[in-house]
Amino acid sequence: MSAPAISRYPVPKLADLPEDVRARMLEVQEKAGFIPNVFLTLAHRPDEFRAFFAYHDALMLRASGLTKAEREMIVVATSGANDCLYCIIAHGAILRVYAKNPFVADQIAVNYRDADITDRQKAMLEFALKVATRSVELVDADFDKLRGHGFGDEDMWDIGAIAAFFALSNRMAALTRMRPNDEFYLLGRLPKAK
Amino acid sequence: MSAPAISRYPVPKLADLPEDVRARMLEVQEKAGFIPNVFLTLAHRPDEFRAFFAYHDALMLRASGLTKAEREMIVVATSGANDCLYCIIAHGAILRVYAKNPFVADQIAVNYRDADITDRQKAMLEFALKVATRSVELVDADFDKLRGHGFGDEDMWDIGAIAAFFALSNRMAALTRMRPNDEFYLLGRLPKAK
Amino acid sequence: MSAPAISRYPVPKLADLPEDVRARMLEVQEKAGFIPNVFLTLAHRPDEFRAFFAYHDALMLRASGLTKAEREMIVVATSGANDCLYCIIAHGAILRVYAKNPFVADQIAVNYRDADITDRQKAMLEFALKVATRSVELVDADFDKLRGHGFGDEDMWDIGAIAAFFALSNRMAALTRMRPNDEFYLLGRLPKAK
Amino acid sequence: MSAPAISRYPVPKLADLPEDVRARMLEVQEKAGFIPNVFLTLAHRPDEFRAFFAYHDALMLRASGLTKAEREMIVVATSGANDCLYCIIAHGAILRVYAKNPFVADQIAVNYRDADITDRQKAMLEFALKVATRSVELVDADFDKLRGHGFGDEDMWDIGAIAAFFALSNRMAALTRMRPNDEFYLLGRLPKAK
Amino acid sequence: MSAPAISRYPVPKLADLPEDVRARMLEVQEKAGFIPNVFLTLAHRPDEFRAFFAYHDALMLRASGLTKAEREMIVVATSGANDCLYCIIAHGAILRVYAKNPFVADQIAVNYRDADITDRQKAMLEFALKVATRSVELVDADFDKLRGHGFGDEDMWDIGAIAAFFALSNRMAALTRMRPNDEFYLLGRLPKAK
Amino acid sequence: MSAPAISRYPVPKLADLPEDVRARMLEVQEKAGFIPNVFLTLAHRPDEFRAFFAYHDALMLRASGLTKAEREMIVVATSGANDCLYCIIAHGAILRVYAKNPFVADQIAVNYRDADITDRQKAMLEFALKVATRSVELVDADFDKLRGHGFGDEDMWDIGAIAAFFALSNRMAALTRMRPNDEFYLLGRLPKAK
């Protein structure tokens, strides 16, 4: 039996890719041990690939008042609201690794209200979910509420922009029927061997 | 009385911007006669600015089976569904100009079903709106329906990806309370002077 | 090419109409310079025509604590929530004229929260939208909130009744696929010639 | 203990009403044995009262391809969708009387799909509910479907217009917290005495 | 004409039923004068029948801080939200009997906010409806609000568990197209003969 | 630090439980290696505990045209729609074990349309989700569609009744804030040791 398709669209061979796109893939493969399918799927269109990951990195790698785990919480919560399998599974794995917690990703994907996180993080996710699902209703009071939890203006931009970027990402995953790599399902669930 | 703010966030002065960001603004100003506020608002974060417009151009300027007017139809219809004032007003103006039609943007922003467009374009917008508002429900039958209207696989990526990109864009406009430039409201509504 | 139909239903000739219905049309034509299609469309049934405009006038022309522009704001906001093209375009035009503001109608049709209006007017529209979209949830607290903004009991009836009347109007426009007159799109967008 | 209020607004005394408004009330009292509270509630504003009942009569009393019972079915089904107690109770009573059926009103108010009515009547109510709850989605196919059940163009106007008029009526009942008369609850539930 | 089916599924004859199931039916028939169709419908599967009524009795017959009428209010309000005809009609009848009030069941089935009940009971129904329709959003504040109305922890379990049990019951009624007995429609509507 | 609470309500000690309830717990502990928290949480009320598990067993253990894995698919899909963490995690684990597939539970909890299951199973889940989320809309055509996939009448009762029972279960989990046991998260994800 052949492996299930990882995309509705053709997946290019590494050899056929532009140098910079291939380099990016090999770099992530070096680090993760495999190439996440989002790279292979989006490489179908190198210009969009470049813009996508440039945007991703600008938000997820920048110095920020949010920890890396918190940024992944936003990804997982909003992808849960959008029912995006790829992002829940892939970013759930990354969140487990960053948070060193095998439970928190599943909790947040389903219902942040009862997750093992701080009240500050719950307020962050409430804001992110409003951006994700009914952004027209955003008002000053939503920003004030976050300020009350110690978030600064740039933190709020981070929260909102990550929710906005994964609104794009979730829809691209749905469009391409992007399949999560098998590796992600187990990642971060086992105690580290010593 | 001072002019209304164009963003919840600080708007940088042109002089303070990185050279490439400023160049991009001057280029659009040269062409349009003014700088659309999306440039000024997003310039608050140059890295995200660069990624945003690289993504935008990759989708909106590429050779495609969709005309430029059709691509703007997708923007206007999905921004209408998301109740995003900036994108409805700004891209509504661009659509009027491309389509040389002073009515079609308002029609599509409210209800593409009764707009003065072809059945093929209505099918395109139905698909785009599904990506925009309930992408989890996308199934093969949706793609087959577009094929029946003569759309190819790459056209469908274009439709879905534009809907996805403006899912991001609409949310950034809501986050920043991005104000449409006054100029957009009238653009393309008047018969061209001869 | 023939002009697009202005109704799914037959549109009577002026000569064939009952005297009072025709008189009403000529009166509005005299004032506006054209006959809005709502008159032509509803004249298909003179009894309903008479009741419709009697109701309209009872609400929109009466002495009221609401200005005429405010009443049109309610029409535009609730018609926006109902995605009714005819009422957004026609009453958007009237609102621009009454408010002497070329932007406010488009703002309110999409999102009153960020429109250039007062907090009192935003509270008025919040109430109107509740009547329009989930009237079963109306409770005393909603009335108290308006009282806090200085609205009296009769003002609240006006707000609610206008929202209710355009719930009817929006549905009649959808039923008949009522087409906005081309003239409305531009009305009130240009600075008055001096 | 005082009787519960029948309106959030003052209810005029018959003696204080304009002659035509009072005459209408006495006429209905003569026929029904009591004055339905919708008359007393709306009489707070005689002009709107007149327009409301003129509209009501134009739709509900005209010669039509729909029976009187069918027209009341539309009222009950759409008022059910809007959760309007007054109209469900009052028009449910009228429907029981017209249909000579003590069960059908309760059935239709909750779920027309399983009511003891014909397939043609179910199609009629499906259309009416689309007008009531998502009229923007009305397309030609909806009209064609009714034609397949033998409805003519004027019948469809009747169906849609009744749904539209009670969209108004339901919202006025919510605004005024209009209380159904006690009499309505039992009307048409008992076998006629012989 | 044959009587309308009371279930999509076969309805067993009393003679063919297991002894305990039949006994339960005869007991209710003795008390009510007829066998409610929920017994006949669910008897199609005796094991599920037994569990269903054991669960029902555990909640509805136990000693509780809620009166029997209040428990039926929860059933009627949540069944109204789920548009379940059988439960609205059957439990509406029971509620009328327990509350000795011919109006309150219809009121609560449609809109508890304006029903003739206490504020405490409205708070109870607000909580029950949250359990019924969006239980993921339950938070501590919802429990605190009930505490403010004098409800204890066990009362809150009762409220939530009744809403939960009728979430099951409403769906079984929909699955089987369970028909309310004619008797229920009139029960509790007439003044007791003396 | 103390362990997180497994319920909003008191959790009884095994020693304090009625004999039959304790026996049931020890039996499951024997088999699973731990006591799932649903047993501990619901044991707060032994009568409801007994009815709950009697109902559960009547549906999940009976001879059926559905495999045990398919029945768990229904639980996972409908619990996903209800955002119920406990049931997604606990029954997701059981599904992985029954289906001998480490991926299918996560897939189905998020979007059955793209899961690695048969078309017949997708039709089953579509029906189950309709029962779970909008059962009022069930019509004969839904049953016919399942018949076309080879499901018999009793299979359809199973599908609908499992969806109905977990409508109850999901709400009890939300009411009690039932916490999934840590063990469930990893169960069925690792290749069996040989």
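A, B, C, D, E and F label the chains in the order they appear, each numbered from 1.
Here is the rule we use: a residue touches a chain if its C-beta (ideal position, glycine included) is under 8 Å from a C-beta of that chain, and two chains touch if they have at least 3 such contacts.
If you're wondering where the values come from, they're calculated on a predicted model, not measured in any experiment.
Provide the labels of all chains in contact with subunit B and in contact with subunit E.
Output, common partners of subunit B and subunit E: A, C, D, F.
Fit subunit B onto subunit D over the CA trace and report the rotation angle, somewhere between 0 and 180 degrees, nearest 5.
120
Quick check on subunit A against subunit B: do more than half of the interface residue numbers occur in both copies, making it same, or fewer, making it different?
same
Can you compute the centre-to-centre distance for subunit B and subunit F, using the mean CA position of each chain? Integer Å is fine.
44
Could you please state the distance in Å, as a whole number, between where the Cα atoms of subunit C are centred and where those of subunit D are centred?
So the centroids are 24 Å from each other.
Could you say which residues in subunit B touch two or more other chains, in rising order?
Touching at least two other chains: 83-84, 110-111, 136, 138, 177.
Could you tell me which shape the graph of touching chains takes: line, ring, star, complete or other?
Graph shape here is other: it fits none of the named patterns.
Considering every pair of chains, which are in touch?
Chains touch in the following pairs: A-B, A-C, A-E, A-F, B-C, B-D, B-F, C-D, C-E, D-E, D-F, E-F.
Which stretch or stretches of subunit B touch subunit F in the complex?
136-139
Flag every residue of subunit C that touches subunit A in the complex, lowest number first.
110-111, 113
Using the touch definition up top, name the residues of subunit F that touch subunit E in the complex.
On the subunit F side, the touching residues are 8-9, 44-45, 47-48, 50-52, 54-55, 58-59, 62, 82-84, 131-132, 135-136, 138, 143, 153, 156-157, 160-161, 163-165, 167-172, 174-177.
Quick check: in the complex, which residue numbers of subunit E touch subunit D?
4, 80, 83-85, 88-89, 102-103, 106-107, 110-111, 114, 116, 177, 182, 185-186, 189-190
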